[in-house]
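What follows are several structures.
Paired with subunit B in one complex and with subunit C in the other, subunit A is shared by the two complexes that follow.
Up next is the complex of A and B:
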């Protein structure tokens, strides 16, 4: 293709600029502090309000394709739950979600000294969404039976007193799909359990009506939501993963806006040259 | 770093660079790794369905704990495949019909628990605090039947709405009705009022699509950030489940 605004060379240069804008904050000493939204704060407060006799269910439905958003969300939520000593259970209706969750939880358990089985448990990958959720309302240990390693749940202290939906203080669905609707329809709604959602940014507009109606108590809006949540847990200037990554995304937004303005200026100039000739 | 971790990190880095090679131009290496990823993801899903669900919850009870009756779900499931045999295809409809019935029942519950609260939430107060729309009429009727009015007709409509909430409620109701008008196809939009409302509804839809597109850009950038973080900063941490 000929040289010009639409040429291969221009396109590749833009990709390189984008890569540089992303990579720069990785090595910078400062971050862009996030402004905490109402939805992230509401979810933070919902986690804080869970009493010690109840468990938080963290349903991880994502695969490798969306770890850019769902993994920082998971990490931010786990950081908060481990820091405040909340009991939580990982599970998922996607095979990879609980595996990613286990890896993050193992990493953070060392940081906060929260051993597996006492503070948190991994119920593992489950199939048959509707049947599992409906069964969980009446009998959680009978539905899950063992953890992801095959250990009977009765042997894990974290499960003490956890019998049915009444013992779940909050369910948070970290998801790039509409599975949160199943959680709402078949578990949170009928079981009277509070629910939060950590969706990918693409899904955010669809979820606002559920926030307005009170069916969802809070939401993490993609990577931005993860960064906001981390700022609530660690402070606005913390160099945690979500805040650092969101700084990179902000840099790309600045670059894209600058390029749009530049592109328009060049186009107007070219049009004037064409008119003059 | 152990040998296995190193191998997963190298495989992840090579795969990432191969997928990024599309940014330079379309090439066979990109295609190969794209198909590899799809195949791996499918295979991994099948393996986990067996190892995490079928093996511990079906195979072990049936073969090691003597619960032979778990054979029946398997045999019933096999009826699905009779769809490929013309003479026996009716058997597959037994399974399909049962599952459709279960799905329909579950969906019916979802309407009650998921959508009914949405409908209820759309009924929003649109009047300012302590505003009595019928105060004048109420006074007239009260002159004739004071006991009835005092007992059954409230003097005002109490609510704790702030001015911002009141405006917000009006915005929600106007947009809700105009968007619903746009999707109302039972009659032709001839009336200028209906046409105007539908046009306004379409504009509101376009604005919401614009917001979704903006969020999509942010989502895609986040994915690029995670891959570059893996390549430049923390290959071990994001090498994937290990």
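Up next is the complex of A and C:
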């Protein structure tokens, strides 16, 4: 194949450049500090405003495919909740989400000295989205019954005083799917509970109508949102996971923009050559 | 009452007898259905679909308090109607159907993959990888689950995770599954780079507009755009709108939101139309007109 725009050599060069743009920032000692957007700040303030007598529900709906975005989001949120001593519960309508969440929480619990059962709990994987959400509005311990290990929720201090939707201060759905709509329709709306979303970057544009209507109070826009949230929790130059990974994404965006410009220059040059001949 | 009896939690021998009874009843019902003529089977499916759809429609549409006793003194307002109490048990039926569908999927995959493997047809290695992955993950996962059954403390869970089976599970889950899943998704980045190089060309006014919009939104969402490119522009001035994050916000909050609302409205109209066709068994096509 000739060495034009669609040649194998061009494609391999592009892939190599991309791999370098992703990998090199991991070896660099500096990070690009994020500028915090209003959606991330709004979610941060929503978490801050949850009173001590209420619990935050962290619904984790992702699998291994989107851990590049959803895991840093989960970690950033958990860091904030553990740092500020907020009570929270992990759950998920996807079997993998609570597994990933448990690992992150166990890791951070050591860092912030927030033992399981006292500050946080894992309600585990649940099926039947609509029925579970409707039942949770009326009776959370009766719907969940036990934590993911089978321990009755009544034995865990973190559940003290948590009875129904009135005792939930905030729901945050970390998701690569449209499950946040079910949370809005069947729990947040009828229960009068505030809700935030941490979607993958590709889903961000779908969520703006709900931010505008106030049905969603804040959002973490993919990995960029995680980095912004970390900068709110730890400061702009922190070398946390989201901020570090986002530096790679920034490099990739620079590469993409450079490639778009280069592709257009070559296209215009080729067009002129064709016109001349 | 009958549904509550069927869906009540059971343990030990009672659970085993219930599962066995359910399997026998299921086999008997399927055998009986198999003897029905195709027309009768079709009408049975039409009737079941209609009744199931009608239940959820009525439960959603009927106002709270319909055919319900008035609230007692000190009780809050009634939020349910007479069908609401059945939503949970009927939901179990949906779960059971989904579980049977997963089982059918596994059986189908095993059938599709066993023929190439047994006859060493081209691609038999893929079938071998499928069976190896399925069996190894199933055995290790179930074994670990059995060990975790009696775990109630963090220390006990840690001991299970550090055992041979726990280590093997971690290797399969963290070492293979997580990384493979992430890798497959990450391959998208290579396609996007390739596509951006080829597709974003100044060929027409529309393409140019799209490219400029993409540029602004892309730069408005990464630190390199917000912190460096226009980070020097101060806030609170008439020219602050030139900050790339402000331009990106305007694009997302104004034209994008209008388009998204139109899309949501259009999609929901389509969903209503398709749902009505399926509910009333008016749908035609590959899966709806086959001989049963």
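Assume the second predicted complex is superposed on the first by the 269 of 277 C-alpha atoms of A that agree within 3 Å, B and C clash if a C-alpha of one lies under 4 Å from a C-alpha of the other, contacts with A are read in each partner's own complex, and residues count from 1 in each chain.
One rule holds for everything that comes next: contacts are C-beta pairs under 8 Å (C-beta built on N, C-alpha and C of every residue); 3 or more make two chains touch, one makes a residue touch a chain.
Computed from a prediction, not measured in an experiment: that's the story for all the values here.
Student: Looking at the superposed three-chain arrangement on subunit A, would you call subunit B and subunit C a clash or a fit?
Tutor: Because the two structures are overlaid on the shared chain, the partners are seen to clash.
Student: Contact-wise, after the overlay, does A:22 reach subunit B, subunit C, both or neither (first, second, both, neither)?
Tutor: Both partners, subunit B and subunit C.
Student: Regarding the shared-chain residue A:161, is it in contact with subunit B (first), subunit C (second), both, or neither?
Tutor: So A:161 meets neither subunit B nor subunit C here.
Student: Considering only touches as defined above, state whether A:205 meets subunit B (first), subunit C (second), both or neither.
Tutor: The answer is both, since A:205 touches subunit B and subunit C.
Student: Classify the contacts of A:135 with the two partner chains as first (subunit B alone), second (subunit C alone), both, or neither.
Tutor: So A:135 only meets subunit C here.
Student: Touching A:151 in the superposition: subunit B (first), subunit C (second), both, neither?
Tutor: Only subunit C; A:151 stays clear of subunit B.
Student: In the superposed arrangement, does A:214 touch subunit B (first), subunit C (second), both or neither?
Tutor: first
Student: For A:253, select first, second, both or neither according to whether it touches subunit B, subunit C, the two together, or no partner.
Tutor: Both: A:253 reaches subunit B and subunit C.
Student: Counting only touches as set out at the top, which of subunit B and subunit C does A:263 meet: first, second, both, neither?
Tutor: second
Student: Just subunit B (first), just subunit C (second), both, or neither: which does A:66 touch?
Tutor: It touches subunit B and subunit C both.
Student: Running through the overlay: 169-177, 223-231, 241-249 or 277-285 are the candidate stretches of subunit C; which one clashes with subunit B?
Tutor: So the stretch of subunit C colliding with subunit B after superposition is 169-177.
Student: Residue overlap on subunit A between the subunit B contact set and the subunit C contact set?
Tutor: On subunit A, the residues that contact subunit B in one structure and subunit C in the other are 15, 18, 22, 63-68, 99, 127, 130, 150, 190, 201, 204-205, 209, 212, 221-222, 224, 249, 252-253, 256.
Student: Quick one: which bits of subunit A touch subunit B in the complex? Just the residue numbers, please.
Tutor: Residue positions touching the partner: 8, 12, 15, 18-19, 22-23, 26, 63-69, 71, 95-96, 99-100, 102-103, 107, 124-127, 130, 145-146, 148, 150, 181-182, 184-186, 189-190, 200-202, 204-205, 209-210, 212-215, 221-224, 245, 248-249, 252-253, 256.
Student: Name, in rising order, each residue of subunit A that touches subunit C in their complex.
Tutor: 5-6, 10-11, 14-15, 17-18, 22, 32-35, 37-38, 63-68, 99, 116, 127-128, 130-131, 134-135, 149-151, 190, 201, 204-206, 208-209, 212, 221-222, 224, 227, 246-247, 249-257, 259-260, 262-264, 267-268
Student: Which of the residues in subunit B come into contact with subunit A in the complex?
Tutor: Going by the criterion above, the answer is residues 23-25, 41, 44-45, 48-49, 52-53, 56-57, 102, 106, 109-110, 112-114, 117-118, 120-121, 172, 208, 211-212, 215-219, 221-229, 232-233, 237-238, 240-242.
Student: Which positions of subunit C touch subunit A when the two form their complex?
Tutor: Where subunit C meets subunit A, its residues are 79, 84, 87-88, 91-92, 94-95, 148-149, 151-152, 154, 157, 173, 177-182, 184-186, 189-190, 192-194, 196-198, 200-202, 211, 215, 218-219, 221-228, 231, 245, 249, 252-253, 256-257, 260-261, 264.
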